[in-house]
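Structure record follows, encoded as structure tokens.
For reference, chains read A, B, C, D, E and F in written order, and residue numbers begin at 1 within each chain.
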Amino acid sequence: MPIAHIHMMEGRTDEQKAAVIEKVTDALCEAVDAPRQNVRVLIQEVPNTQFGIGGKTAKSLGR
Amino acid sequence: MPIAHIHMMEGRTDEQKAAVIEKVTDALCEAVDAPRQNVRVLIQEVPNTQFGIGGKTAKSLGR
Amino acid sequence: MPIAHIHMMEGRTDEQKAAVIEKVTDALCEAVDAPRQNVRVLIQEVPNTQFGIGGKTAKSLGR
Amino acid sequence: MPIAHIHMMEGRTDEQKAAVIEKVTDALCEAVDAPRQNVRVLIQEVPNTQFGIGGKTAKSLGR
Amino acid sequence: MPIAHIHMMEGRTDEQKAAVIEKVTDALCEAVDAPRQNVRVLIQEVPNTQFGIGGKTAKSLGR
Amino acid sequence: MPIAHIHMMEGRTDEQKAAVIEKVTDALCEAVDAPRQNVRVLIQEVPNTQFGIGGKTAKSLGR
């Protein structure tokens, strides 16, 4: 622990995903003094047809 | 908030997914008077080989 | 399936939670023609000190 | 209930996934005496570019 | 990995929770040959007012 | 989006939770250039009797 589960829109590069993993791990180590080796980060990509804001799909909102 | 995370079997159309987003948002606004703009809905599709009921895969159960 | 996991702010009544379960189930049955008996809804309450919007806690935003 | 949500690295066979569903269901029935028919298992595969251990991607760690 | 997230009804003993952790870990090691030390299990208890089956609360169904 | 769901051991202060929200939001804005106002962070605390590492409870491992 901590385990961070990140949902984000589809389409990021592997470099951006690696940056999410590194920076979120940094953030958790700083914020709660977690031992770095214990931190897990899981990224889940979501298509814009499968994410809704205020009842509308992200796709219909041009995201 | 609220944030609704919906897991459902793979294979629905984009129209059905848009309907899930719209109707689940309606349901949450009605049930807890949530401001519509704050409601998020996330759909996750699951293959029938990766969902189990009573220890059997949905695929083996013909779903 | 579908399985709906709803995260919402702490403090709703049991009646409101029952309404979330009933109305979200209705929404999923209508949207994807799911058999009612197969739909599961799970509600998770989140304290306002443990939910963040734009980097600020919901508590500090007066929610 | 119980509902088990299993995140694991991409690349397992359908047979292995069926074994996860069967054995995790067995484990939950034994541990908490859950009626077998009520147990649900959901498997989510994660690419090695989207899982981080200690701030590094599983891919960079050769997993 | 694997990471198992188990949702179950409130009210189990610490011994039952320890049994869930042990037996689910055994199941995952057997099913996908995962190194035991890499397996994480997270248990989340859900009150019977916050779990719905077919649109009804578990409480109203006498669970 | 992104939505970050952070599971961590019970017992942190409100200040530490606010720091998790702020720093994880910073990390996601930097890593994928997400608009700050769109980022949501959800913290879930887990008792040491409900988290397992290698089949043992965190409690039995002295965590």
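Convention: contacts are C-beta pairs under 8 Å (C-beta built on N, C-alpha and C of every residue); 3 or more make two chains touch, one makes a residue touch a chain.
Just so you know, these numbers come straight off a predicted model, no measurement behind them.
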| item | value |
| --- | --- |
| Size of the rotation, in steps of 5 degrees, that lays the CA trace of subunit D over subunit E | 180 |
| Equivalent interface to C-E, taken from D-E, C-D or E-F so that over half of the residue contact pairs match | E-F |
| Type of subunit A:subunit B copy interface by residue overlap (half), same or different | different |
| Where subunit B and subunit D are represented by their mean Cα positions, the distance between them in whole Å | 20 |
| Distance between the centres, which are taken as Cα means, of subunit F and subunit A, whole angstrom | 12 |
| Residues of subunit B whose C-beta touches two or more other chains | 3, 7, 22, 24, 26, 40, 42, 44, 46, 51 |
| Full enumeration of touching chain pairs | A-B, A-D, A-E, A-F, B-C, B-D, B-F, C-D, C-E, C-F, D-E, E-F |
| Sites on subunit F touched by subunit A in the complex | 1-9, 12, 16, 19-20, 22-24, 26-28, 30-32, 34, 46, 51, 58 |
| Residue ranges of subunit D touching subunit A (in the complex, touch as defined) | 7, 44, 46, 49-57, 59-60 |
| In the complex with subunit D, residue positions of subunit C that touch it | 3, 40, 42 |
| Subunit E residues touching subunit F - in the complex, by the definition given at the top | 14, 17-18, 21-22, 24-26, 36-45 |
